[in-house]
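You will see subunit A twice below: alongside subunit B first, and alongside subunit C after that.
And now, the complex of A and B:
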């Protein structure tokens, strides 16, 4: 028996090894290199390989980096919130209201817009939100506004709207998957026991869908912090994010070590934020179990 | 039911939000006006004709096609190894190993781009070429490939392979004659999805592009010139149609694969 287990493990490892090797050489090693780089400095064209924390000092002390980092976190958090809140009803609708044989078609319908060129999709949001854009001329045509709205382009709002659009399917799909797994008889049982639809939703559906909501939030939150194109195209000066600065350091300022430091700080702050949220969730769960009992 | 109606109207509003850019793209592509704004001037194909005249664009298309084809083959091959291992065997360290392979799915692309620049250019001192882009694209396509292939391999009935072994076929011929044909739709689906992802990818290409810009890097350059924008819209329309055809094909193969193995459709990947 032990021998079989061993050979199965060995077979599996052997089979996965090419892909693992690839991920190791082109992901794990490069990221380790980025970490190493962040402790070095660039001296014009030469790389100074003495260990130093100068980059971290610069990145945390100079206001521009701090502002960009906090703004990126802030934008990512808002985008995540907006995207997930908007995505949930859609996933709920597809899972609970669409007939079984039409579900695949609906999922396809949701994902189609995301196969338009990524760059052009963002550029088109610029066209939609602009001063003489589609939205403003449309609202003016309808007589709803006199002057074009200016708070929707070249600022954070534009970045949030565009990113909420760009990441929609990544939020809808994980939530849809968990909703599909919910045993419908649990809901029937709740109705039979006299609970209303709202209470059933709050106490049965929502808690069971929670893992999907968390997955959706994580899937949206982590990548959006590194978005480069959206802030560059629709963000204006007040909507620029940390990746614009990382790009600048790597490709224009020729200061790869500082760029590496900023990239690492961005990732660390994402992970820290998620860890804090996770702890907060645990804490809320504990309070709820012991004192409130709303979601029990 | 009142709350149901509310939900339905929300869904329709949301669909408008989702489709707004997609609808505008062809609208401006067929519009004869020189600026991207309403009211539209008239209907015509002039921007498509103009595309045919831009030499540099054709080079960029070929560069991107080369990258996308090589990427999809490499990513699907690597995806098959990992997916087969993950669905058939349990092995030590499976969680962390698969975790590492799947990480690019959530990692910001700029991190992948930056880390590849550091290693390939600054440490190894390699020059930028289409291969540096391919290396990055394979990395981000493998997780998608695995997600698709996992469905195909998981729905595969193990007893079919065991029967084949019992009937005297070797491991390799069983794989070739039984496993491969059954997962083939998944493989085609994975090739197509990787192709589309690579074709559309911008950040990695932007950081790692050498003297040959990819299509997305070329479009990025064009976006700065207002006179070029209508032609870009025409180009985007063509790309959208091509992507949709490929995805429909991919979805068709995925479903045929599920039918072949006799599993009920659960919505799938795309």
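And now, the complex of A and C:
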């Protein structure tokens, strides 16, 4: 017994156990509760706890839920794409062009948006994107437009713009970290072996940065699916997402089982999307290695 | 033999720091050339200017008679083996070796044929599909070599390629690099701070100090006829004694060395352009004479101050009357040799032919 207690494994367990307990209570238990709820039925004020798949039937047959789910996936995918595309050059610039002693300052600057609350930032976007907002009056003042632009607020675009801005720091950091880890002599070796800067970027930098890009994409994609504040505030009716419906079912419609079902379905579709992307990446890598030989 | 690389008055400054000060040298086709010097002497900078990673501040670099001014590294007929090896971690061994073949317009099967050839050459048969991170230091070294040699460059540049290996492996790689160089016939330029490595491997060595070439010679001439104290000290060990030379009869010099007396040496013991303010003698050119051992040449009495035991040989620090610094004497520990102790009175045997004149 003493031996076990002194072993490294036991020490490790002891170290992580508070966190594990916390994670279990706040993650595993709620998920189990949500799963259980999804098999029950709401009977006005009380819950009917007999097992049923009715909620799943309703959630998959009613078009409104499907539309909201696909729109959510779509918005999240666009947000992820836009965020990663915007984050990469910034991470690249900090890693490759900012002098070593100034990097910490730049990373610090990236966190500046977090100094104000998320809610305030969304409201600021409303001010910027609104009918008489900063952007429209600015463009009008410059004589570039006659009528205010309406496609930038209370629709999907506004949700994408706001979310992309909110998540950019989370995408920049993992990409920055992998870029920092790239041994610069690898790039020099690539030039030496006959490749130009652009091809070196494609053959060396990008593949080595790939894990960071994937991490950034996952970090942005998963939480944006579940975001309901942003769509509610800037999305208008056409920008509502599945989480708004889940919130509605739980809090307004008093139908927790259906809300739980929608939540489970949203979770499953996130996992499925990621799994499909992962398989596709593997498949393309294999095809390229054996048949295409692009950049080889 | 014609020169493959011509360095003419090459200057390189980093801000106020002058890394290279008017370096001129010719490197011949197919030779194993070494740049030897302490850290910070500019040897790596010189290699990088040849590779094209550094722009010149002044002077000209010709490769194969062509001015390399403005020619990017990827367009020079020179490839480099890096100190860190720079093996691409996301590619396996075969893909690493094939990296530079992309521009050569070969079919996949032609490429794998070439990769196999290159790997065979460095002794890594069948390693094509091994992941880069599974390789040992010596294997990484070989992959880096194969990756550069597969392109058949005119010049292969090696930046301290063996410094990260342990002693045994380093010695093995030294012989192997030498063999490889003879086999492919490509000019190798090696940067090293290890004098032994340079002596073993090179056809010619340029010893660099402070951004300049102090001496460029064959290993033998460099060791036996160093031109100045700095070079002599860097290559092996040398005892220095103050001395003054004067012309004796034709072809000979008279040298007066306090403690050793008056010595007549031949003129070729004084490298050209040397005034002769000092005399040098290598530790292995001195012999400790035991008991009644006789020497045909000269001998000097002394006292053992210190003994450093190396196994196959020992270094003795011997005080000689009239000589300020103790002399270093090395002896092989051959069978039946009597062990010496501190403070033993001994006689040092030497020959006037082993002396050289220096500045």
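We adopt the following convention: the second predicted complex is superposed on the first by the 288 of 296 C-alpha atoms of A that agree within 3 Å, B and C clash if a C-alpha of one lies under 4 Å from a C-alpha of the other, contacts with A are read in each partner's own complex, and residues count from 1 in each chain.
We adopt the following convention: contacts are C-beta pairs under 8 Å (C-beta built on N, C-alpha and C of every residue); 3 or more make two chains touch, one makes a residue touch a chain.
Because the structure is a prediction, the values reported are computed rather than measured.
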Contacts of A:208 with subunit B and subunit C, given as first, second, both or neither: second
Touched partner set for A:26, first subunit B, second subunit C, both or neither: first
Touched partner set for A:189, first subunit B, second subunit C, both or neither: second
First (subunit B), second (subunit C), both or neither touched by A:121: first
Partner chain in contact with A:219 - subunit B first, subunit C second, else both or neither: first
Footprint overlap on subunit A, comparing subunit B with subunit C: none
Residues on subunit A engaged by subunit C in the complex (per definition of touch): 183, 185-186, 188-196, 199, 203-204, 207-208, 293, 295-296
Of all residues in subunit B, those that touch subunit A in their complex: 3-4, 7-8, 10-11, 14-15, 17-22, 24-25, 28, 36-38, 78-79, 81-82, 84-86, 88-94, 97-98, 100-101, 103-112, 114-119, 122-123, 135-136, 138-139, 142, 196, 200-203, 206-207, 216, 219-220, 223, 232-233, 236, 239-240, 243-244, 247, 251, 255, 265-268, 270
Residues of subunit A touching subunit B in the complex: 8-13, 15-20, 22-24, 26-31, 33-34, 37, 47, 86, 89-90, 92-93, 97, 103-104, 107-113, 115-121, 123-125, 127-128, 132-134, 137-138, 165, 168, 176, 180, 197, 218-219, 222-229, 233, 243, 246-247, 250-251, 256, 259-260, 263, 266-267
Residue ranges of subunit C in contact with subunit A within the complex: 51, 53, 72-75, 79-80, 82-84, 86, 88-90, 95, 98-100, 102-103, 108, 147-148, 151
